[in-house]
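Encoded as structure tokens, the structure appears first; notes follow it.
So that you can tell them apart, the chains are marked A, B, C, D, E and F in the order they are listed, and the count of residues begins at 1 in each.
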Amino acid sequence: MIGSKYILFCSILFVLAITGWTNTVLAQDEISAATAVFAVNNLWLMIAAALVFIMHLGFAMLETGLTRAKNSVNILFKNVMIICIGVLTYAAFGFNLMYPGDFNGFFGFAGFGITPGEDGLTSAYNPGYTYWTDFLFQAMFAATAATIVSGAVAERIKLGSFLLFAIIFVGISYPITGSWQWGGGWLSEMRFYDFAGSTLVHAVGGWGALICVMLLGPRIGRFTKSGARPIPGHSMPLATVGVFLLWLGWFGFNGGSVLSADPGAVSLVLVTTSIAAAAGGVGAALVASLRLGKPDLSMALNGILAGLVGITAGADQMTVLDASSIGLISGAIVVFSVLMFDKLKLDDPVGAISVHLVCGIWGTLAVGLFGAKAGLEQLSYQAAGAIAIGIFTALFALIAFGLIKLIFGVRVSMEEETEGLDIGEHAMEAYPAFQTLISEQ
Amino acid sequence: MIGSKYILFCSILFVLAITGWTNTVLAQDEISAATAVFAVNNLWLMIAAALVFIMHLGFAMLETGLTRAKNSVNILFKNVMIICIGVLTYAAFGFNLMYPGDFNGFFGFAGFGITPGEDGLTSAYNPGYTYWTDFLFQAMFAATAATIVSGAVAERIKLGSFLLFAIIFVGISYPITGSWQWGGGWLSEMRFYDFAGSTLVHAVGGWGALICVMLLGPRIGRFTKSGARPIPGHSMPLATVGVFLLWLGWFGFNGGSVLSADPGAVSLVLVTTSIAAAAGGVGAALVASLRLGKPDLSMALNGILAGLVGITAGADQMTVLDASSIGLISGAIVVFSVLMFDKLKLDDPVGAISVHLVCGIWGTLAVGLFGAKAGLEQLSYQAAGAIAIGIFTALFALIAFGLIKLIFGVRVSMEEETEGLDIGEHAMEAYPAFQTLISEQ
Amino acid sequence: MIGSKYILFCSILFVLAITGWTNTVLAQDEISAATAVFAVNNLWLMIAAALVFIMHLGFAMLETGLTRAKNSVNILFKNVMIICIGVLTYAAFGFNLMYPGDFNGFFGFAGFGITPGEDGLTSAYNPGYTYWTDFLFQAMFAATAATIVSGAVAERIKLGSFLLFAIIFVGISYPITGSWQWGGGWLSEMRFYDFAGSTLVHAVGGWGALICVMLLGPRIGRFTKSGARPIPGHSMPLATVGVFLLWLGWFGFNGGSVLSADPGAVSLVLVTTSIAAAAGGVGAALVASLRLGKPDLSMALNGILAGLVGITAGADQMTVLDASSIGLISGAIVVFSVLMFDKLKLDDPVGAISVHLVCGIWGTLAVGLFGAKAGLEQLSYQAAGAIAIGIFTALFALIAFGLIKLIFGVRVSMEEETEGLDIGEHAMEAYPAFQTLISEQ
Amino acid sequence: MKLIIAIIEPQELAPIREALMEHKIYKFTVGNVLGQGLDLSKHEVYRGVSYDIKLLKKLRLEIAVNEEYVSHVVDAICDVARDAPKEAGRGKIFILPIEECVRIRTGETGAVAIG
Amino acid sequence: MKLIIAIIEPQELAPIREALMEHKIYKFTVGNVLGQGLDLSKHEVYRGVSYDIKLLKKLRLEIAVNEEYVSHVVDAICDVARDAPKEAGRGKIFILPIEECVRIRTGETGAVAIG
Amino acid sequence: MKLIIAIIEPQELAPIREALMEHKIYKFTVGNVLGQGLDLSKHEVYRGVSYDIKLLKKLRLEIAVNEEYVSHVVDAICDVARDAPKEAGRGKIFILPIEECVRIRTGETGAVAIG
């Protein structure tokens, strides 16, 4: 129902757009209306880009809060650089790799740099946004994939090696798989559906994180003979700030993925997104309480993110009930997944793999299980897409990070890890004024 | 003056709306304009919802900053859960309790769950927003009422008992009194005026807070034979972050309450809101300096919030001068009120009762004293509304929290309170890395 | 190209606006479209005002993070008061000093207080925004100028003297120079170009900061016989939060300065702004790594701000390549500038002078070197404007702050500085719960 | 002159302080320490894994007194502990000899300087 | 009874703790201190200026033992240090006499109270 | 060998450190403590209520030296204090006997190990 209204809305826009702007002076009445609608759409997309931008602050805070004080400068630096480098890389070549125009469906490249074509600033480019808005929104998305990796490899990775990997990952791997679906490639033709990127963004980031964590090994002291030993994050307030900002940012991430300000479609997406987030938080808190005896804040926070990642693939296809179910299940999944990765001795300080990879896949499959598109056929498309992108990304990360490991090394020395990367990589402390406790007990 | 323009704007919208969207294809010129206006309105309301969402982060930071480090995980957890549970509860039944459609004016219920009717996604539902936007905006509002309570009862309440109370309060009490005015009930017919909820949201939250604080008792060591002994909050930066975010969120809280993007009305509301906040901050800082000798940051912060709560009932009715007066007085009130509650041995760690209850009532009355509606008659309606809602909410809270106290208990053990609720309720520390000082002196 | 489209867009708006709103009932088709466009424009400007508001939180966090824990309450209080006092002062007289209407081009004053004229709430006032929106957006801008000073003079200035200076500076100096350009004064007639205020806001704040720092002297222990001794800021996470929020706020600062929601113009501005910020961050990180051996987080953060300030004067005139160049150069400049001011024994705890003054001037000149307006003639206008405003502002600050120094004194006592301004000025600690380290070594 | 070093539970500082005052002992110094003793280590839980904290937060009191006050101090501290449940981890008192004591302000030394 | 005060490098706490346990010494108290010694001061960089931190982070261990255990403790600590590179700044051990020791919980005194 | 424990005002660390260096005493250890003494407690204000902070922030210096240096250390510390106003709360020095001292790095003991 919504779908059809949305299509109607878009087609009207498109008609208006074509007849519109360019011959402004001739037909003032029509035009101005089209102008207004275009301006609203574009405004929403710009705001959505700003909201996705703020997710980077969210990630920075979450990752800092869930790791140790002695590595905070390093994590902050990585997050600051990811957004900077991400935007520049995406402008230099990422955008044109992801949206190559007409192409073979697997790989295309429209050249270096970004310039709007003749119609780039009018609704003839797209009824929903200008070329610049398009770029900005997509660039903010792209950088999130690298940020996801950043959290998982925290507290032990060499700064230079990480940044190198981030550039390659954001600049090449993410856009290629992105082009398969959002660039109009073979997956989109196969009818794979990934509304705002449970697979294209989150699982992609998660695969990168998984491979890096495997090649990197756990932090010193994380797994002992007697089992997993937690290394508590140093600031729960920062972690909480991070998650609230991520939820806020997701309004732009999912809401902006409608690609217009269509009232019905966007508002539905915001509601399903919020419901899933809320259900994810409640789900994780409940499961954590039942399973572990105490309501664990960091699990509740992960649960919210899990719900958000879970709904992302089908945010525009779900009813409120679907969204709550998806969120609730995501919240439960994330708790068990965190425990499982502990068993597997894969050390992920912030739970990024559980949240983004595991729930990303779950969310992708959920499109075939819940909501307007549910059905076996769709489910098979979803699985196929998730697998295809998973294989490509994992291989890419394996080769890229493997080569970096061979050539430059990826892990800081034991002394540096013990003393903290802040001193080792930056000769600087995050909190020079505060007495920190004896951490190694 | 503004009022009439606003009404004109809205009626035009409405006419356009009715003739609009549905018969799109027939009359393209008119339609598209209506479409555009509807899209703008709805866009603003969605953004306003996002801004109100961010108030929850604001509250979380304010409450965390103004309490002790050993209770931070607990407070963060409560705030995270309130928004999660609040959204879910409001979807399950709160929304339909608050907006029951045609009803007897006192109590009505439109059934469980939320589904947009046939026209729910068009301007036929409302010229300002879709059904989903309406729900989201209202749900974010609803959860704030519980958050207000959360701050006042911090550092000593049992987690489970609090969450139970929060569910009942957001899900039942708040919507019922809300329906009296915003749901079109008896208060709105009586011409009570509460633009964005000085009474309906803030005083309601404040009454809940007052009753809970009375039933709960003060924190250990807060009142000694020699008088009140302050228990300083552990982080002024977090408290300041909280207040800035709350001010930002209030742009959505008040600005969104115009229920459209009408340029004149919304921009006036944003200006009166900001002026009142600024005047509140200055007022409280001045009074605190004069009365206490030193400019107290926490009082200035409370003053800003006091100004914001004070202007909320009449933000669309005031001139700039009215707004500054209301804000200034709010700022003064809050300082004396905090001192008064200390005398009364009512322990409110964050000043929630002073800010939300006392200034909420003040703001409600101010509509009868300042601005376009000022007059004795209006003042009497305002008083009547404030009293009616106060009595209902206080009684509701008394019974609900009283029963919870009887059945489950509401207060943590003395040992747990001394050691901190983070260990007691969550077996977790907020800042495991930092050396905290000996707090009990 | 963009320019012309933008002008087209605006003129259409203006035509529609004039024929529009007021005679609504007569010509419904045209009107509603104009109504919609006006509503979109105004909505964007209101949101931009909110984004600029959030810059104040950004400044508060940046300044707090880069200074010592013992002065945090004081810095937070200053930042809270600046926005409060700034908004009130600007309403009382600043706005009418800056936008005096028709005037001699050097100084004019339209009277105390703010009231919209007859057309103030319609597009007849301006096709982009209402009178109230105009005020709000401008008021948020104005307060930033004082905030810039606040960081540079941190940790040693008397609270009262600073606030007095801030009032005079925001209320009088800033609006006067502002009127020369944005108020339609002599600079704007000379064809000086300063899109969003590299000179009018940032350099102005920076000049104020420079003069105050010179009259105030360095913090105790900052410069010893053996050279500059750093005084590390106490929280890198807070500083990082600050910079992310400032970047976000700049979307409104620059994007809002388009003064309408024109899709092409605003989205271009957001892209150039982000590209410059990213390039600034990368530039500063690279230069700092090469020059100092280690990637310094605080320099990278300053680099982002430097890029933002650098692009501000010509954000609507640049291509993506121009923007990256400007940003990269800004990032390099800021590192050398910080080192230079250390050599000059000018103590600026947060690097405000380097970021806002040095890069503000650089950004102003860049309009004559890069982008659509590049050329020797334009360059000379840019230099002239930067110099004229610099001289006026520096003199004004010298006299004002000099008089305050003579009459009230500007510096806290040595004991107070050593013990911290939080205890001295506020009898309060920012982090009473944490053990701070022995700072004086 | 003796230096009495007492390792105590953090929450017992307040009553001990009062008890000392009653014995007219007004001066002492206190610092944060972590201790390993007999007491069961604490369980905390983080991200689903519970773990033991073996170094527990204690306070370390230093009280310099003249001989005759030693027993008062020891009694004051032990009395407070007595009121509380007899769990392990209540701490220790060590008494060390002081050879000389100087009041920095005046340069006074010996028994008069200590109080 | 002796009070052994050891100033050690923070990262050596864990191995020292294990070494003590092997010698059946289970009880000790540890605090954060800053120390100035022979060791080169550290360089940190802030906003382009590098500077020396002359007071370095150390831990201060306090272990009260009966005479016969003193050499065990000293050995345990020195052994751990021996495995690591011989840089300056590895710390000191001071041994002080204890005149009396009291277990707060029970009031026991003397040699039995210490462990 | 003596262990000199000095409780001092935080802002006096820097000058005392210099004074010690002049007397060729380069090694010491310092920690954060809170002290209760004669000095007037401080007033702080929070949310309109002023309250006394009775435990004030002090630093605790530990300097182990051979006999002949004891008076230098005491003088160095007292001299610094002498320059400042004679308010209460300037702190105390306690001198305790050390029986043995070990340099962890080398295992050296006795007088040579201390410096």
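Points to keep in mind about this one:
The working rule: contacts are C-beta pairs under 8 Å (C-beta built on N, C-alpha and C of every residue); 3 or more make two chains touch, one makes a residue touch a chain.
Quick caveat: nothing in here was measured; it's all calculated off a predicted structure.
The minimum number of touch steps linking chain A to chain D comes to 1. With contact taken as defined at the outset, chain A and chain E are each touched by C, D.
Mean C-alpha positions place chain C and chain F at a centre distance of 47 Å. Here the spacing of chain A and chain B, counted between their Cα centres, is 32 Å. Separating the CA-averaged centres of chain D and chain E is a span of 19 Å. Among the residues of chain D, those in touch with two or more other chains are 30-32, 34, 44-46, 50, 55, 96-97.
Shown for chain B are the residues in touch with two or more other chains, namely 29, 32-33, 36-37, 40, 43, 47, 232-233, 235, 241, 293-294, 296, 298, 426-429, 431-432, 434-438, 441. Per the contact rule defined earlier, chains pair up in contact as A-B, A-C, A-D, A-E, B-C, B-D, B-F, C-E, C-F, D-E, D-F, E-F. The touching residues of chain D, when paired with chain E in their complex, are 2, 5-8, 31-38, 55, 58, 60, 74, 77-78, 81, 86-88, 90-97. If you check the complex, the residues on chain B that touch chain D are 418-419, 423, 426-429, 432, 435-438, 440-441. Chain E makes touch with chain C in their complex at residues 34, 44-51, 53-55.
Across the complex, chain E is touched by residues 1, 3, 17, 26-32, 62, 64, 96-107, 113-114 of chain F. Within the complex formed with chain C, the residues of chain B that make contact are 2, 5, 8-9, 12, 16, 29-30, 32-34, 36-37, 40-41, 43-44, 47, 51, 68-69, 232-237, 240-241, 243-245, 247-248, 251, 255, 261-264, 266-268, 270-271, 274-275, 277-279, 281-282, 285, 293-298, 300-301, 304, 319-321, 324, 431, 434-437, 439.
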